[in-house]
Amino acid sequence: MKLGVIMSDYRTGSDVIDRLTAEKLGIIFVGNGVYHAASKEAGKASSILDKTNNLYVLTEDLESRGLTSANLDSRVKAITYSDVVDLIFNDYEKTIWL
Amino acid sequence: MKLGVIMSDYRTGSDVIDRLTAEKLGIIFVGNGVYHAASKEAGKASSILDKTNNLYVLTEDLESRGLTSANLDSRVKAITYSDVVDLIFNDYEKTIWL
Amino acid sequence: MGKLTIGCFSSLVGSLSLDFSIKLAEAAVAKGHTVDYWMSGNATMLSKKGQKAFKDYSHLAKPVQTLLATGKFNITACEACAAARGYHKEDTMEGVKSFSMDWYLASTFEADRVLHIGGD
Amino acid sequence: MGKLTIGCFSSLVGSLSLDFSIKLAEAAVAKGHTVDYWMSGNATMLSKKGQKAFKDYSHLAKPVQTLLATGKFNITACEACAAARGYHKEDTMEGVKSFSMDWYLASTFEADRVLHIGGD
Amino acid sequence: MATKKLLFVARSLPYKTEASRLALTHAISSQSVEIYLKDGDLVEATIAFVGDGVMNCLKNQQAMKHYGITSIEGHMKNSLLLDMKVMICKEDLAKFGIKEDALLMDADDIGGEVKAQIVPYSEIQKEMESVDHLLFC
Amino acid sequence: MATKKLLFVARSLPYKTEASRLALTHAISSQSVEIYLKDGDLVEATIAFVGDGVMNCLKNQQAMKHYGITSIEGHMKNSLLLDMKVMICKEDLAKFGIKEDALLMDADDIGGEVKAQIVPYSEIQKEMESVDHLLFC
């Protein structure tokens, strides 16, 4: 299964991602999910970032919150709405929203 | 300060309670907060229950979720809406909603 | 007897917080207290007239009318919050007032207790 | 080109999830895809006509009209969810249809992709 | 003639949001979907409860008594009456210490023949892989 | 002649809910509350950001550019322009590694004279004790 996960929250949903398995897994951080990609707590990055190499963050949602690519974990790629559409149609067979 | 906390959630808000200090602190579990009073994870009760001796749960919300006083931690007292009103007016000077 | 000001910001159906706040108001009024009730944010959904009662959804229009009839319950919606959601004068349930946010702040002046239910 | 079915269950203002879903629909339609858009739960708030534009609140009525004009965007509200909230025929924004929940399930039959935004 | 398979995965606690209730009512509505489709075409919906979502499956929910709304339990019963597949995650029940006798497991009393299934997470994962579309809520 | 003091405590992340935005707009509305009160009576509102709520205070929020809505930062600026007391929890900033230069600290550019204050949690606790009503959101 090629599974795209749109992660929209910061404080809930990590438990779901922890045990998901997929042949190919992608995580797109949107909404308040962007804090996983652009903030650290006590110096530590979110453990979700260790789950896969296919990590994306929606630029619009990052910038709306006063964050920029300078804040971004180096493993995460900044993308646009247009890119999200392409990921959904071309890279993953199923997409879920958390 | 005599502070009443109405705790309406299970997965968020514990961080706020952890560092609250009050001369008298009461916690009333309502909504999905009732799981703090009536469920255990891996055999352990919610750590919020250690915060004060003044612990209450709203019977209506407990029963709506299929839980009963048999599930309740022995430190928590089951009360009604009418009791909540009395706690707000008579026992605490300020009330917050988490 | 005291005055309780409740500010509710939670959406109508799908969060029982609004149901809690109305039941709390009922219990307070039953004990002789007066209640000022402020709806802001998504809680302004409660002010919409014509809510149809289904068993699957909270139906709070009726308890609000019963509370209003006691004379001990004032209910006001945030005007801008309501208009942003498409609720205008003709959409509003009977007995519900509409003011700007300072109404809520003013209500706390005389209140013995304030309960602010701040989010969804 | 494909078909995307989006089901959105989030409230109008106060959760940017609804904004996300409309912007995603815009991006999909701009690329030539078609979009079926299902509003259920509190997302039916989007179907209310007369939403006033303020700078402090999301205003999605306009992008919905622009999407409808492309002919590649269908938008339907859950009939019961809307009625429970007091939204009836006369309350509904132009171009928005109203069906029972099976419309959403049927839409997924031909959909290449489904995105279910399930809560607030 | 084709069948499309959907899996609703309910991961949220009941009542605070409508997520689990609407997952069930939407899944149930698959039963009347033919009116929109060609003869022989079908949409088949399954529902799985994971994580905090297993709390939706407790029996004796008194939501009607206290709040005048149907319980989630009632919707589960309807889905079983309609022969839908309902899965509940075994590991999550164990985490919360919930035993089978505390759960709504069947619709016997209203004539249902199908039972809810307590299954390991791995089986839910398999179901996730086999369906056409996944709907988390 | 009396003054009632309120403290709004914003503990939620911005944007996903309106909680922090409405805390600020309601607090600001204390400035026009006299029309409902007797001469000399006042309601004074203060706002504190704690926990995840400190994220509301980041500057350069581009919500208007991307979503057509005013930023939380804009509301903070307005509250400082109106001489309201705005507190931001020092320990929570440290936890997230956020430095003062990343925050909206003043409304200098629009003529404001008051600055936001980065304070230890203990000072926010003291404020909680001294006010008449506490409004968490």
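As written, the chain order gives the labels A, B, C, D, E and F, with residue 1 at the start of each chain.
One rule holds for everything that comes next: a contact is a pair of C-beta atoms (placed from the backbone, for glycine too) under 8 Å apart; a residue touches a chain by one contact, two chains touch by 3 or more.
Since the structure is predicted, the reported quantities are computational estimates derived from the model, not experimental observations.
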Intersection of contact partners for subunit C and subunit D: E, F
Remotest chain, subunit E as reference, centres from CA atoms: F
Of B-F and B-E, whichever chain pair has more C-beta contact pairs: B-E
Chain whose mean Cα position lies farthest from subunit D: B
Interchain centroid distance [CA atoms averaged], subunit A/subunit D, Å: 24
Averaged-CA centre spacing for the pair subunit C and subunit A, given as whole angstrom: 38
Distance from the mean Cα position of subunit E to that of subunit C, given in whole angstrom: 34
Residues of subunit E whose C-beta touches two or more other chains: 15-18, 25, 67, 133-136
Set of subunit A residues in contact with two or more other chains: 8, 11, 31, 60-61, 94-97
Subunit C residues counted as touching two or more neighbouring chains: 13-17, 41-42, 56-57, 59, 113-114, 116, 118-120
Touching pairs - complete list by chain label: A-B, A-D, A-E, A-F, B-C, B-E, B-F, C-D, C-E, C-F, D-E, D-F
Touch list for subunit D against partner subunit F, complex: 13-17, 19, 55-59
Subunit F residues within the subunit B interface of the complex: 9, 11, 50-51, 121, 125, 128-129, 133-136
Residue ranges of subunit F touching subunit A (in the complex, touch as defined): 13-16, 52, 55, 58-63, 65-67, 71, 73, 95-97, 102
Residues of subunit A that touch subunit B when the two form their complex: 11-12
Residues of subunit D touching subunit E in the complex: 7, 9, 40-42, 100-106, 108-109, 111, 113-114, 116, 118-120
